[in-house]
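Just below sit the structures, each encoded as structure tokens.
Below are two complexes that have subunit A in common, paired first with subunit B and then with subunit C.
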Partner chain A sequence: MSVASRHIESVAVLLAMVAIGPIVAIVSGDAYQLAMFERALIYAVAAASLNMILGYGGMVSFGHAVYLGVGCYVTGILANEDITQLWIQLPVVIAASMAVALFIGLIVLRTSGVYFIMITLALAQIFFYLAVSSSYFGGDDGMMIYERTTLARAYDPFDSWQFYIFCAVVAVLSILFVNHVIRSDFGRRLVACRENPKRATALGYNVFAIRLVSFVLAGAVCGVAGFLLANQTEFATPGYASWQRSGELLVIVILGGVGTRFGPVYGAFAFILLETVLAGYTNHWPILFGPFLILVVLFFHQGLAGFVDRIFKTGARAR
Partner chain B sequence: MASLIAEQLLNGIQLGILLFLIAAGLTLIFGVMDFINLSHGSLFMMGAYFSVLFQGLTGSFFFAVGLSAIAVFGLGLLLEFLLVRRLYARSHLDHVLVTYGLILIANESVILIWGSVPIFSGVPEGLSGQVPLPFGIDYPAYRLLVIAVGALVGLGLFLLIQKTRIGMLVRAGATNRTMVSILGVNISLLYAVVFALGALLAGLAGAMAGPILSVQPGMGETVLILSFVVVVIGGLGSIRGALLAAMIVGLIDTMGRAFLRDLLSLFFSPQIAGEAGPALASMLVYILMALILFFRPEGLLPLQKRS
Partner chain C sequence: MSHILKLEDISVSFGGIHALRDVSLSLDHGSIHALIGPNGAGKTTLVSVLSGELTPDKGNVLFDGKSVNGLPTHIRARLGLTRTYQITALFQHIAVWENILLSLKARDEPKVSFKQLLRARAEKDYAEELASVLRDFGLEEKAGTLPSALSHGDRRRLELAMAIISNPTILLLDEPLAGLSTSDAADLVALIRKRLKGDVPILLIEHDMDAVFDLADEITVLVDGKVLMTGTPEEVRSSPKVQAAYLSEEDDF
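Moving on, here comes the complex of A and B:
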């Protein structure tokens, strides 16, 4: 498949996913339905960033929700200080999440395998406890965010439709960015480092630096997801950075298909849909979701992207 | 002041002992099977709940602790046989996800059966008092018992691993898994025993921790993450490392929570100390871990691996 048609395919898949929300909202006549799909898009961005380091870099990060928390708190703190302009908020969010990712990356990338999993988890706890014990920012109870991000005078962030479009544009651009990185020369080098670090080193690549750059980029993109989440929920809580949230992100990536370009998007939509359906069925939905997850891991290893591929035979898998 | 410090030291040792019981299982399971078990904390939680259940049935605290350790041992065997066994050959990511699913199931089942309200299982009668120790310290009898039992179990574990045949196989398995299976050892039986032994230790720790912590859904996760820190600091697969690290983590966490605020108020205003003290105290262990790993990525007492 040529480069141009790949780009067209990317955009087409993402536009199709973005269109689901409005269709449901129009059919049901209820603009509040959009909120669910905003959540799905935000999760898709976070999962896409995790997929970049997990699926292509081979780094199993169990602390990825930290950047969700960082993005969310930074946005909230700025907004409550009356700094709501997009062109100030977004760079600050990206810089903050990159800084945190650099700190974590410098420590965890010295290790690998199980160490990597456990240490990303433990380091993420530092930031979780920081949020829990910062009474100035609401501590355990979280922090209300009173203003959504402003863009131009014509844009009303509290209008359901306008906000959905804002959310969708930021999400699609972020996911396209991730896909662009994956397809770039840099992305190829990242895969080379996953496949055989020794050989990559012998070829003259600096494996540590390549991994660190991808780790920091993934943190930045996930921070953008946190920025959207702050706007969408108008709330920041330590729960966004909890290890359960990190676990959910891993689940989404697996559900969608590890190391596939659109897996995280499919995974996020499937996860949100499943959560909504199961939670509507019973309050104790994790007891149904747990076995489902185990079955998915045991028997459905290609994820939804592999499933979609087999149906359409498009061969979109990047491996 | 001196007696306060001594009391907190004992509290730290007691937390360290509990952490050691959990981390020992975790590190053994990792060392021998290369399996990362997130649901180890759930086994700890099940130990605590079983203890509450059996206490209601038998009326005796000590019976209940013993029974619940055995029950969690059985649960571990069942889990290994039905599920974990299928995962040894899979990637670590799969281990993480499946055992994450197990955590969801365990927490939700506990909520369905016992409700989500914390249960306070009281300290058994006869142990609710204080024991006078040398240097004029009074210390709760029950906590002292926990330290003693934990130390005994730790010693037993040490003897089991250093002196018995099964311990020899465990050590061999941790050093070179492939070679052990080539030598004709029934490796699947060995794996099941190690997994269940780890479950037993976690269940015992949970049952004993019941009267100290509040028994509630999700209690296993906090402990699990702390045990990860212990395992990582000590060096994966190393029991001696786990013991050393558990003591360090237990002491630092307890001392930090008890004295950090006062220590900071010597240098900063009370307001800053009051805000930063508790925050820093809960992060202290993780910061320590980050520091140790930065200088010794393999942990303090790493295992010599050959494979």
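Moving on, here comes the complex of A and C:
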């Protein structure tokens, strides 16, 4: 497939996913329905960034939600200091998540396998407890965020429709960025490091550097998801950086299809939808969700993306 | 002739086991130096020391007169110290042509750069070279298959191809013929002879004595981590010490 048609396909799939929210809102006549789809898009961004290092880099990070937390808190702190402009907030969020990812990456990338999983978890927990114990930022109770990000005078961030469009644009651009990195020359090197680090090293690639760059980029993108989350919930809580949240991100990636370009997006939508629907029946909805995940893993090669791929033969091809 | 590669008094021990004891060895420009010895003699350990995957307890590795002690593997690879593995190490789930492309890219641009992030996977620049490599190594028809689906002989050829096209200054071949059928082995020996002999200095580790005596300019016999002797193929073949230690065992294989 040519580069151009791949880009068109990317944009088409993402626009289709973005369109679901407004369609539901219009049909139901309830603009508040948009909030659910905003959440799905935000999770899709976070999961896409995790998928980049998990699916293409072979790094199973069990602490990826920490960047959601970082993005969220940085946005909240800035907003509560009356710094609400997008062009200040976003660069600061990206820089902060990159710094945290660099710190974590420099440590965890010296390990591999189970140790990698455990140390990403441990380091993420450090940041989690940092947030819990910071009484200035609300500690365990979290922190209210009073202002949403502003962009231009014409943009009203508290209007449901306008905010949805804002969310969708940032989310789509972030996911396109991740997909671009995966398809880039760098992405190929990253896959090589996943496939055989020994061989990659013997060819002259610096496996550590390649992994670190992808790790930091993934952190930055996930930080952007945190920035959106702060805006969407108008709240920052340590819970966003908890290991349960990291687990959810892993579940989304696995559900959608590890190492597929649109898997995280499908996974996030399926996850949010199921959560909403199942939680309507019982508080113990994970008891129903668990078996569903197992069935998907057992019967769909490459998760939901693999399933969609099979329906549209020419559609989202893996890798 | 000057030495392109020189090992001085290399010692490696794993716990109480002395894998290598004061091994010295040199490789001349354009020559093939074979390293032979019974199983467990420390041949692969020596290659790992050379490539930087193992740090010796003692000793120097001189590359073109300069010490490379302490340099990590990927930096040594960038200097042109290229190795193949006894057990083929390929990118298993990437197509054959992409394996080759990765080797070409490593040759031209091993470092991570910002450009690589912006640039889409540029295949066009390499299309011609890629096609010629596939042709030269008889992998044209297998270009799209995954290495995991290749025959053992094809995998060996691919591994050798990836090493050769990276323009090595020194090649370390760790049992390139292991597990190959007689005809595949003969093909590979012919390939080494045609593409490399006299051109690229090679340190060859091999159990196939026909291949060793056919290719090597110089042979070092390693037994129990120590150099038993170094000499021309004729000297080695006629040495009673070597026959006692090694060649007589050949019947056991």
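Keep this in mind: the second predicted complex is superposed on the first by the 308 of 319 C-alpha atoms of A that agree within 3 Å, B and C clash if a C-alpha of one lies under 4 Å from a C-alpha of the other, contacts with A are read in each partner's own complex, and residues count from 1 in each chain.
Note that in this section a residue touches a chain if its C-beta (ideal position, glycine included) is under 8 Å from a C-beta of that chain, and two chains touch if they have at least 3 such contacts.
Since the structure is predicted, the reported quantities are computational estimates derived from the model, not experimental observations.
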item	value
Superposed partners subunit B and subunit C on subunit A - clash or fit	fit
First, second, both or neither for A:R199, with subunit B first and subunit C second	second
Touched subunit A residues, subunit B compared with subunit C	B
After the two structures are overlaid on chain A, angle v-u-w for subunit B, subunit A, subunit C in degrees (C-alpha centres, nearest 10)	80
Touched partner set for A:V207, first subunit B, second subunit C, both or neither	second
Contacts of A:F186 with subunit B and subunit C, given as first, second, both or neither	second
Which superposed partner A:L293 touches (first subunit B, second subunit C, both, neither)	first
Touching partner for A:V92 - first (subunit B), second (subunit C), both, neither	neither
First (subunit B), second (subunit C), both or neither touched by A:L273	neither
First (subunit B), second (subunit C), both or neither touched by A:L176	neither
Subunit C versus subunit B - closest C-alpha approach in the superposed model, Å	11
Contacting residues of subunit C [partner subunit A, same complex]	51, 53, 73-74, 77-78, 82-83, 85, 89-94, 98, 101-103, 105-107, 110-112, 115-122, 162, 166
Footprint of subunit A on subunit B - complex, ascending	30, 34, 36, 83, 86, 92-94, 96-98, 100-105, 107-109, 111-112, 221, 225, 228-229, 231-232, 236, 275, 278-279, 282-283, 286-287, 289-290, 293-294, 297
Residues of subunit A touching subunit B in the complex	54, 60, 62, 107, 110-111, 113-115, 117-119, 121-123, 125-126, 129-130, 132-136, 243, 247, 250-251, 254, 258, 284, 286-287, 289-294, 297-298
Interface residues, subunit A side, partner subunit C - complex	3, 180-181, 183-189, 191-192, 195-196, 198-207, 209-210, 213, 217
